[in-house]
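Worksheet for the structure shown next.
So that you can tell them apart, the chains are marked A, B, C, D, E and F in the order they are listed, and the count of residues begins at 1 in each.
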Amino acid sequence: MKLITAIVKPFKLDDVKTALKDAGVAGMTVTEVQGFGRQAGHTEVYRGAEYTIDFVPKVRIEVLADVMDAERIADAIADAARTGKIGDGKIWISDVDRIVRIRTGELDADAL
Amino acid sequence: MDAGNTAWVLTATALVLFMTPGLALFYGGMVRGKNVLGMLMQNLMAMGLMAVVWAVVAFSLAFGDAGNGGFIGNFEFAFLHDVGPELIDQEFLGFLTIPFVVFAGFQMTFAIITPALITGATADRLRFPAYMVFIGVWLVLVYSPIAHMVFGGGWLADLGALDFAGGAVVHMNAGAAALALVLLVGRRKGYPETPMPPHSLPLTVLGAGILWFGWAGFNAGSALAADGIAAQALMNTFLAASAAMLGWLVVERIKDGRATTLGGASGAVAGLVAITPCAGFVGGMAPIYIGLIAGAVCYLALGLKKSFGFDDSLDVVAVHLVGGLVGALLLGFFADASINAAVADEGVFLGGGGRLLWYQVVASAVTIAYSFVVSYAIGAVINATMGLRVDDAAEDEGLDLSQHAETAYAD
Amino acid sequence: MDAGNTAWVLTATALVLFMTPGLALFYGGMVRGKNVLGMLMQNLMAMGLMAVVWAVVAFSLAFGDAGNGGFIGNFEFAFLHDVGPELIDQEFLGFLTIPFVVFAGFQMTFAIITPALITGATADRLRFPAYMVFIGVWLVLVYSPIAHMVFGGGWLADLGALDFAGGAVVHMNAGAAALALVLLVGRRKGYPETPMPPHSLPLTVLGAGILWFGWAGFNAGSALAADGIAAQALMNTFLAASAAMLGWLVVERIKDGRATTLGGASGAVAGLVAITPCAGFVGGMAPIYIGLIAGAVCYLALGLKKSFGFDDSLDVVAVHLVGGLVGALLLGFFADASINAAVADEGVFLGGGGRLLWYQVVASAVTIAYSFVVSYAIGAVINATMGLRVDDAAEDEGLDLSQHAETAYAD
Amino acid sequence: MDAGNTAWVLTATALVLFMTPGLALFYGGMVRGKNVLGMLMQNLMAMGLMAVVWAVVAFSLAFGDAGNGGFIGNFEFAFLHDVGPELIDQEFLGFLTIPFVVFAGFQMTFAIITPALITGATADRLRFPAYMVFIGVWLVLVYSPIAHMVFGGGWLADLGALDFAGGAVVHMNAGAAALALVLLVGRRKGYPETPMPPHSLPLTVLGAGILWFGWAGFNAGSALAADGIAAQALMNTFLAASAAMLGWLVVERIKDGRATTLGGASGAVAGLVAITPCAGFVGGMAPIYIGLIAGAVCYLALGLKKSFGFDDSLDVVAVHLVGGLVGALLLGFFADASINAAVADEGVFLGGGGRLLWYQVVASAVTIAYSFVVSYAIGAVINATMGLRVDDAAEDEGLDLSQHAETAYAD
Amino acid sequence: MKLITAIVKPFKLDDVKTALKDAGVAGMTVTEVQGFGRQAGHTEVYRGAEYTIDFVPKVRIEVLADVMDAERIADAIADAARTGKIGDGKIWISDVDRIVRIRTGELDADAL
Amino acid sequence: MKLITAIVKPFKLDDVKTALKDAGVAGMTVTEVQGFGRQAGHTEVYRGAEYTIDFVPKVRIEVLADVMDAERIADAIADAARTGKIGDGKIWISDVDRIVRIRTGELDADAL
């Protein structure tokens, strides 16, 4: 089984969700994160003191999937999340030994 | 006894009382989330402890033997002796047309907020027990004498210096004490390298709103009557706050490239501070000029802590010491006898010459020097005995957990 | 008609009205984040519904046929009949120098906050429609009779019991009703094993600040004039709150090892509750003693719910029932005819013997018993018919979503 | 000069001043977290800038040459000339028993909050400098003339239209200007597809509480005396707010299946708006009927923006334009000469026939038309020159960062 | 070494923590996340506008463990987190090359 | 490709960021998490009720890297995050099949 993890811009979450639904994905898990990379952060000023904030808000999306679906899902996320501007984020795919659905104890593909 | 005047002073007393929770939020929003309860609690404690100390002895030291032209009062009103629902029968205080107990109550709310103002300077690092001892002693040794000298018919009043609602007694006094404490406790860990942005600016804006509202009671209540002077003081208060917001923001915009929300709130407070000594003594457009100048100057005074390397965390010196001083000195220019007959020497711009300005300089210098020296001494003794500052681990953890075993926010 | 007195009662009415949003925040900060809107909304609804019920009938039942020495009023003022901008021409109420309609309005703000006080006890588990029905019926069957007996010249007033601003009518009454409801609805799911810490203590501190401020109107407004008694009541109110904060924190410090922010805010409220019956009847240092005792006793009363195993979620019994009782009984010791000529029998410490104390015991017992029994009966009927409590899933989800389809916080 | 009346108007002025921070929070809680400071700052800026413009010229344009039956005042009070602590010696304003300066101050607080009301409509997308220019010009060209026509003895007052505290001057005026601006700036990015739920409803409830409290000053202060009319206005204000909350929630419950917290707060505000023109002119149960109708109608008016496809983000049109209109028209039915002798033609329900109703229709139409047209023109000029709206990137980033280089919340 | 990741209902966190302690697990890391899946979200209403929120609050638990403990730990989590109702969540196990305890530099099993 | 995940003390985040920059790392993703382990939590008191909070705030740092850089990066993080006191946290390295840069579609090392 595979785990697809994507870091995307927060306002793209809805588009990604729709794309995943269209790709037949039944579930995902989302986390608010802070990203650091090429995309510039911003500057804040408080009573004359200027702070540079390097981190940019992002969301992290995790999707468990069958081996043969993983590439397709990654592509779907990439297409939905792309704006073409710096900071669109990354997607990575990694191996999972086993997946369990807690409710039923079903395993792997059945657990999705 | 006059019901109209009493109605207004009752209201004003409630308004000024409400300023301390407002101040707590104003400051509390500016600190980091792990220190907000520490800040709120220091302000709450000022409400708790100062009231009791006031009743026991500090009121009497401030307003006992009123009009003696001296340095301090006496013990005639200690334990609220003779402080009741009737008029007071005393020469200096005889002008009061309100129950004496509400005069004591009104002044009590000033005695609460003054030490509370200091807490902004020493944010995030004071031990709570040491803070309690400090403000308890400070009220008696610093606040009461200065209040007596200025409000209680002491020698600064006799001299001819004017202070309508506490530019010296409250603001310069608190600001000088704040500076003394800050020098004693040192900087916050990580200051100035680590950014420590305000954890909740909406709380700060709310606090500023409450302060602005309450200041109507602070300044117009200081007329101690619902008369034309109170009305003028109210208008001046609001106009100065507004103008100072503009003054601050213009300079901020030029220097930092942005007009900030924190700047707007801070500017308004700076204006309220500066108009405090002037509120019932000036008229017309004067409050707007005073506000504009105070806003701009207080913004520039933010640089002092950078230049001198002290960590006055929430800028009590820039806003209260400098703001109070700006107001006191500008009164020397704008004081207007047609607004208030108590203005014996008019300001420079009204053709009164420099006499009043000189008195203002003297009163300001005396207040600042006295407050700084005695506050430093009290702080030093406490520091040497019980320690003013939390240890490193407690500072990292934050005051909320280390001092009060609480966290401000949960799910 | 007196403009000064009217000015003050207008102000006081606004202040007491403001207390209910303050209470909403005080309580709202203490509940979990998924229930905060449920709490705010219950308090808002008290502002909405109680005002209308008051206008329709409850005011008349409380103050109709005033001075009849009986148990309840009549319908003479129902639908605000004869309640207008003029003075009221009636024997018992004839002392009023203010428009009758502002008297009705001032009392209305009490009728709003009293049921709102109950909401702290049943936090996180009441069905909103059942709550609405409960408070609607409760105002008529519980609040109006007690208000009549005590404030409206009913038999407890005739007996000689004193209650300046509602120690019985408001606090013991709400506390007893809270206890009754808590016994009916049972404990929150997970209580006491699961920690349910306050989700936002800054909101709670803000709420406490608003309550403190508003209480100036509550107590000093109850003088219904801007006179010496109002002034004394104001000072007593502030001193008691401060002293009670200290009393609570000292005991908390000894028992728990920390003086907490929630403790500071709670102690102040306990003092405000306890001084309520006494505010215009005591003087000098009495409010400080009353506050110190109330703060300490209310803290200790927190243990009641542990001992007896009920889930009075935000401690309405410990603060309002016990606090109100402490104040009512201490009035039997401190009542002072030199402060207020309405004190016919002075307190024990002023040499008046135990007579007033006895009346206070009777009035307290009657209030608590009546309120508890009738509140329990109303609650039981509602529980049997429409159900007081949300179901398990709704309780897990939280009141905000399950009752109001909202979440308090978003990005 | 009357101390009681002065005491009340001083208080009322402070109360109305406090409404603008309340409004800031009411609105600020409703926007997304990245725009909350933008909202707070726009409201703060109204407090800053409007006060100065008022003092310089707008007050004089509104109340100069008062009673001229015309369209606008003159420059007699520009730069606060002759606005001081004494009574004003002028025919039309001669009824005042309070220092003229507090009249100017009281009216100033209205001039601050009126443009601030507009900010809810254009939330999340206005450029800050453009906003400043807009409100500065708007106060002079829109607010002052309307205030003069209605409050300053201009032609609408002469005609016989009634507006106790600003149903036309404040609410319809702000609502019409809001509509004009919304049409100019267009919808928020993503509206209506993307949900933009309130980021902090507790802030909104707090804001509503402050507004409710302050409205006591707004409406009862408009009596400009502490008399029976003020008392009646206070009671009417509170009853209408309560009833409107119920009216709104009943309809909401029926249409949406839930009574929401935001609905409760919004309904109360709708009631406060609607009672504003009526406050000192109606009595008995009338405020309750007015409130119930206003709550229901304003809820239904939320649908307007859907039907017509404009993005009045926080429903300023539904609450202020519609609410103000409902109140103005209902006054044509409920105006009662027994409450206030200034009611020359009683309302339809009091047997006065339709004459007053007709005047109300005319005054409302004139106010809305004038405000809409001139506001649109001012906005269009600013849009063409400096641009009203932030660019896309700034809107995505949020006003807090893009306009003020700040974030509202941190750790 | 293995990494066990579990998405569970927030109110089950305490039970899972206890179960892990009982299973001899010395540490874990917990993140607040939003889940999307079969479990329905909820509806909110603001001034007549109805919003459907698809996401449901969940917590994500990560436990590093020795290869031979992984299955047992996953079972312990599943047992503790199970309510039998839709939305109980997923558990997955994946491979970890190396674990380091920052404080001491200890590796793998010693780092736990 | 490799994924380096580190759990560190929040106040060490800045030091780690600097160390990573010095190590030539161009990006990372940070999440606020709660850690449970040897480090003691704390106690809170509310109106006489004492609660023990076992969890300690931590930050979770994820860095995607080339296989050959992984160890070096892990070491850099460990050095920067170390205080020597209990609770310094863990670092683990795991395998990643593929990395995609959303903006450009670049893969693996090119995606970093």
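Throughout what follows, a residue touches a chain if its C-beta (ideal position, glycine included) is under 8 Å from a C-beta of that chain, and two chains touch if they have at least 3 such contacts.
Everything quoted here is computed from the prediction, not taken from an experiment.
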Set of chains whose contacts include both chain E and chain A: D, F
CA centroids of chain D and chain E: separation to the nearest Å works out as 52
Where chain E and chain F are represented by their mean Cα positions, the distance between them in whole Å: 18
Specify, in ascending order, the residues of chain F that touch 2 or more different other chains. 31, 44-46, 94-95
Would you please write down the residue numbers of chain D that are in contact with two or more other chains? 2-5, 7-8, 11, 15, 197-198, 200, 206, 210, 226, 256-258, 260, 262, 405-407
Pairwise chain contacts, counting only pairs that touch as defined: A-B, A-D, A-E, A-F, B-C, B-D, B-F, C-D, C-E, C-F, D-E, E-F
So in the complex, the part of chain F that touches chain B is made up of which residues? 11, 14, 42-46
Can you tell me which positions in chain E touch chain A when the two form their complex? 2, 6-8, 31-38, 54-55, 58, 60, 70, 74, 77-78, 81-95
Any idea which chain F residues touch chain A in the complex? 1, 3, 17, 26-31, 64, 94-103, 105, 111
Within the complex, which stretch of chain B touches chain A? 192, 195, 197-198, 252, 255-258, 260, 262-263, 266, 299, 302-303, 315
Give every residue of chain B touching chain F within the complex, in rising order. 194, 396-397, 401, 405-407
